[in-house]
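Next up: the structures, one after another.
Below, subunit A partners subunit B and then partners subunit C, in two separate complexes.
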Partner chain A sequence: MTRAIFYKEWIKLRWLLLAISLVFAGSIPYFILNLTNKFRFAGKPHFWSVIVGKDLNLISELTYIPLLAGLIFGLSQIVPEMQKKSLKLTLHLPHPEKLTILKMLLFGSGTLVSIFGITGLVLYFTLSIYLPLQIIGAWFTAALPWYLAGLAAYFLAVWVCIEPVWKQKAINTLLAIALIMLFFKGASTYSLQYATPLYIGIILLSMCFPFYSVFRFKEGVQQ
Partner chain B sequence: MTKNNIRTLLILVATALLAWVLPWLVKLSTNEASRYPFTYYSSVKNEFIQVVKEDTETRLMDQSGHEYTRAEYDSLLPMLSYRQLLKDGRLPDSLNRKAISGKSIQLEQFYFKYSPRDKHHKQMDLNPMFESMSGRVQIESPDDLFSIKNKMVFIDAETNSVLADKSNKFHQAMVKRGYKFPTKMVAGNPSTKKLYDEGWFALDANNQLYHIKMVNGNPFVKNTKAGEKLDIDFVKTIETQNRRMYAFVFDKSGRLYYLSDVSYEPVQLPIDAYNTNTDGLSIMANPFYWNVVVTTPAQRITYALDNHTLEEVDRLTETRESTTWEKIHPYVFPFYIEMKSMYSKFVYPRLLGWSVKALALNAVLAVLLALLSYRRKQSIKPLQIMLVLCTGLYGLIALWLFNEKQQETRNVIQLK
Partner chain C sequence: MAAIIECNNITHYYGNRLIYKDLNFSVERGKILGLLGKNGTGKTTIINILNGYLKPYSGECRLLGEDMRSLSIETKSKVGLLLEGHVQHSYFNIVQIEKFYSRFFKDWKSEPYWDLMDKLKVTRKQKISTMSCGQRSQVALGLILAQDPELLILDDFSMGLDPGYRRLFVDYLKEYVTATNKTVFLTSHIIQDMEHLIDETMILDYGKLLLHKPTHEILDNFKRYKLSDDVRFKLDSDDVIQNVEHFKTHTEFYSFDPMDKVKQALQSRSIDTQTLVYESLTLEDAFIGLTGKY
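The block that comes next holds the complex of A and B.
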C-alpha cells in the first residue's frame, strides 16, 4: 500500500516536483555567476573584505524560495483531493487512515527535504571553490531557517487545506502566518543561530496539526 | 495521538503565539519615544548643559533652568563647538589657565560608544591583518584574511587557499608567547579608514589578553597581562589622536578600564557598577573632561571626569518616565514573549515581564469562562480554568480559537 500511495502522489505531483527542482537547481549557477561577476568588478580580496565587513550574504535571494516551494507543494497535494472529494475515497482505502495521511505527508516532506538537501549541498560545495568555509558556513547558518520555513509551510498548508470549516480555516491560516513569521526574524548572518531548536519544535508540532483537520474532516464537522 | 491531544497542542501553541503577538500589538500602538536630552559638561561654567527637545521647540539650558541662545551655547561648550567658534573667530586662546587651539583640542578628543549589542552578536571568524608600520598615510587592505578561532590561519582571497608560511609564522609566534587556542574573543577595527593600526586584541582560552599585529611583515605578539589582573568580560578597541589608550576593557564584576599605552596598564574609570548585558555607554572626551554617559534600563548617569586624573568632578542622574506599555502590561499580561531584544542581535524567544498583578484579571477571566460553560450547559473543565488562570487573555483567546461546539463533536468517529 505504501508504494501505491507514493505512486499516487508521484503521478499527481511529478511535474510540480520537476519545476521546483529546476528552480532550486537553476539557482546554483545563478549564485555562482553573480559571485564571479562581483569578483571581476571588485577584485577578490576587496570583495571578501566587503562580505566580512558588511555582513553581506550573496545567497539571501534564496530567502523566500523554500517557503514558496513548501506552500505550493502543500497546496498542490491537498487542494485537488479536496476539490475532487477524493480525500474521502483515500480515507476509505483498506488501510489505516492515520497511516495513509502519514505516508502522504512523508512523501511531500521527504521530496522537499531531498530537493532542499541535494541542491543545498551542491551549492555549498560549489561555493567552497570560491570562498572560505568561514563565509559559506555563516551564509548557510543564515539560510537554515529559510529551508526549515519551507518544511513548516508545507505541513501548515496541508493543515489549513484539509480543515473542513471555513471559519476555522481562517483561524488556522492566521496562526500559520504567525508561526512562519518566526522564521524570518533574522537581521544579520548569525542572529537566528539560537532559534534552531524552536524551528525544529515548530516543524514537529506542525507535522501533527494536519491530523487534527483529518479528524474533523472524517467527523464531517460543518459550519 | 488522539484528536483531543492535538487540540491541546494547538491551544498551547496558540497561547504561546498570542503571548508574542498581543503584547507586540499593544506596544506598537502605544510606542512613544523616551529620549534623554543631550548633555555635555561645560568647561567654562563647570556644570552640565542640556539640549532639551520639547515637541517642535529645542531649548538649550543649564541645570538651574536658565536658557541660552545658540551662540551662547557654543561659547559655553567650546570643547564641543570649537569648529564653529574657530569659524566665527570666537575660540579663546586659553581656558582654565591652559592654552587651547583647534589642534590641541583635536589631539585629546575622542568618542567611544558601547552597546550590549556589541557583545551579544557574532561575526564571521575572518579579519584583515594590516601592516602596522607600512609608512603610508593610508592603511592598505591586505589580499588575505585571517581566522583565529582554533588556529591562526591566513587565507588568500585570490586562490581561496591557506597561506601556509604566513599562517605558521604567526601561529608559532603566538604559541611561543603562551597563547592557548581556542580564541574566546577578538577585538579590533577592520576598517582602513582609521588613524593608525594597532592590530588585534585576542582573549585566549586561559582568559589572557594578547596584542597581535603585523610589523614589517612579521608577527608581533605580546601578552598584555591584563588577563592576570582582570576577569575580562569584553574588549572594544579605540584609536585616539594622542594614542593614550588601546582599548576599553569591561571586567565581569562591572568595572570599566582603559588599556593604557604604558605597558598595557589597565586604568579604572570611577563609575558605578556597569552591566555589559543591559547598559549602554558613551564617552566624549576633551582636553578638560571626559563626559561618560551610562544608560541603564531605568536611568542615565552622566559623569564628568577630569581628563588627567580621571577623578569624578560632577555627575547628573536622570530617571526615565515609564512608558504607557510599562505602566499597563503588569496588570494585563502575566508575562510576554519577545523574539528580538534591544540588548542582543540574537533572535530567540525570551519570556519577560512576569507579573503577579495580572492574576486579578486572570481570575476574572477564569470565572467568566466557568460562567459561560455553565450557561452553555457544557461541563466546566478544570484544566481550561487553570490555563486561563495562568496565562490570562492568551489562554482564553486560544481556547476560543479552538472551541469545538457541541453539534460539531456529536458525530465522533475514531480514526483507525
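The block that comes next holds the complex of A and C.
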C-alpha cells in the first residue's frame, strides 16, 4: 500500500521534483562561481575581512528559494486532489485514511528534505574547499531557518488547500503567513540559531494541521 | 433479503434550506436502485452521506451492515464508488492507474478493465486528463468493475456522456450486474436508458422522497390521462389525480389508479369522462408526471 501511495505521488509530482532538484543543484555551481569571482576581483584577504567584519552571507540569495519550493510542492500535490474533490477517491481506498494522508505527507516532506539535505551538504562541502568551516558553519546556521521555512510552507500549503470552507481557508492562510514570517525575523548570522527548537515546534504543529482539514473535508463542513 | 444499504430518518439542511426530512430507504442485495431527481434535490448529498463524506443533520445510514461514519477497510474494498463527472486521478495514464488501484484490492480482476479499454481509441500512454468525458467514464467504470465490489455507488453516471457512451455504459453495467448479482445504487438526472437498467426507482423532490417503487410497477400502473376540453372546467390534484395541466384543447393529468377509479374521481366532480383516454409512459414521462416540468 505504501508503495502504491508513493507511486501515485511520484507520478503526480515527478516533473516538478526534477525541476526543483535542478534549481537547487544549479545553485551549487552558481554560489561557487560567485565566490571564486569575488576572490579574483577583490582578493582573498579583502574579501575575508568583508565576510567577517560585515557579517556577509554569500548564500543569502537562497533565502526564499526553499520557501517557494515548499509552497509550490504542497500546492502541486494537493490541488489535483481537490479538483472535483478527487480526494474522496483517495480516502475511499481500502487503507486507513489517516495513514494514507500521513504517507502522502511523508512523501512530500521526505522528498523536500532529501533535496534540501543533499544539495545543502554538497554546497557545504564544496564551499569548505575555499573557506574555513567556521564561516560556512555560520552561513548554514543562518540558512537553516530558510530550509525549515520551506518544510513548514509545504505542510501549511497542504493544510490551507484541503480546508473545504473558503472563509476558513482565508483565516488559515493568514495564520500560515504569520507562522512563516517567524522564520525570517532574524537578520544577522547568529541570532536565529537559538530559535531552532521553536521552528521545529512550528513544523511539527503544521504537520498536524492537514489532518484537521481532512477531518473537516470528511464531515462535509460547508460553513 | 439482507439490506445492503439502509438509511433511517436522514434529515439534512444546507444552511436553512431543508434537503430532506426523515428520509428512509433500503436497498436489497442484487437490486439496481436508481435515485432520480431534478438538479438540486439532493442526489449527490445522499451519495456523500452514504460514503461518509457528509455528516447529516440527523439520522444514520448503514452500508453492508456498517455505520457510514466508520466504514472498515474490508467494507470499503467491497464498495465501488463513481464520483459525479467520472472523476479520476487525471495525472495517470490507463496503465498507471490500473497498476495503482490493483495494489489495494486483493480480488482485483484486470480483464473487465482492459476489455473496456480496448474499446477506447486511446493509447496506453495517454493521460486521463487529455481524454474526453466519455472515455473517462469508461476508465472509471473499468476500474470499478476490476475492483469487483459487492456494491456499486454511481453518482450521476450519465453526466456529460453522449448517447453512444451512455448506452455503452448502461449495457456494460447491466450485463455485469446481472451476471454477478451485484447491488447498484445510482443517481442520474438523465432518465433515458434507465428503465431497462434499474429494478427500483426512487424519486426525490425538493425536501422529500416522492416515491420508491419497483420500476415495472411504475411503468405498468402510472398513466397519463387526457381529457378533451370542450367544456371548460377546473381540475385540481388529489390522491388519485396528479400534476394537472390545462392546455388549449385538452387537459392532461397523471395517475397510478386504473381507468375506472379515475373516471369515478372525475365523475364525483361532475366532469364528463366520455373523451377520457390514457397512454402508457416511459420512465422519463413518468418522472415528469410525478415531479412536474418546473
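Heads up, the rule we're going with is that the second predicted complex is superposed on the first by the 222 of 223 C-alpha atoms of A that agree within 3 Å, B and C clash if a C-alpha of one lies under 4 Å from a C-alpha of the other, contacts with A are read in each partner's own complex, and residues count from 1 in each chain.
FYI, a residue touches a chain if its C-beta (ideal position, glycine included) is under 8 Å from a C-beta of that chain, and two chains touch if they have at least 3 such contacts.
Just so it is clear, the structure is predicted and the values come from calculations on it, not from any experiment.
In the superposed model, A:8 lies in contact with subunit C only, and not with subunit B. Using the contact criterion defined above for the overlaid structures, shared-chain residue A:88 touches subunit C, although it does not reach subunit B.
Looking at the shared chain after the overlay, A:80 reaches subunit C, while subunit B stays out of its contact range.
Looking at the shared chain after the overlay, A:96 reaches both subunit B and subunit C. Considering which of subunit B and subunit C touches more of subunit A, the answer is B. Residue contacts after overlaying the shared chain place A:220 against subunit B and subunit C alike. Looking at subunit A, you'll find residues 96, 218-220, 222 touch subunit B in one structure and subunit C in the other.
Contacts from subunit A toward subunit B in the complex involve residues 44-49, 51-53, 55, 96-98, 129-132, 134-135, 138, 165, 171, 175, 178-179, 182, 185-195, 198, 205, 208-209, 211-212, 214-216, 218-222.
Against subunit A, in their complex, subunit B makes its touches with residues 1, 3, 6-7, 9-10, 13-14, 17, 20-21, 121-128, 141-145, 147, 155, 157-158, 160, 190-191, 339-340, 345-349, 401-402, 408-409, 411-413, 415-416. Looking at the complex, you find that subunit C touches subunit A at residues 14-15, 48, 51-55, 73-74, 76-77, 79, 81, 83-85, 87-92, 96, 99-100, 103-105. Interface of subunit A with subunit C (complex): residues 1, 3-4, 7-8, 11-12, 80, 83-86, 88-89, 91-96, 217-220, 222-223.
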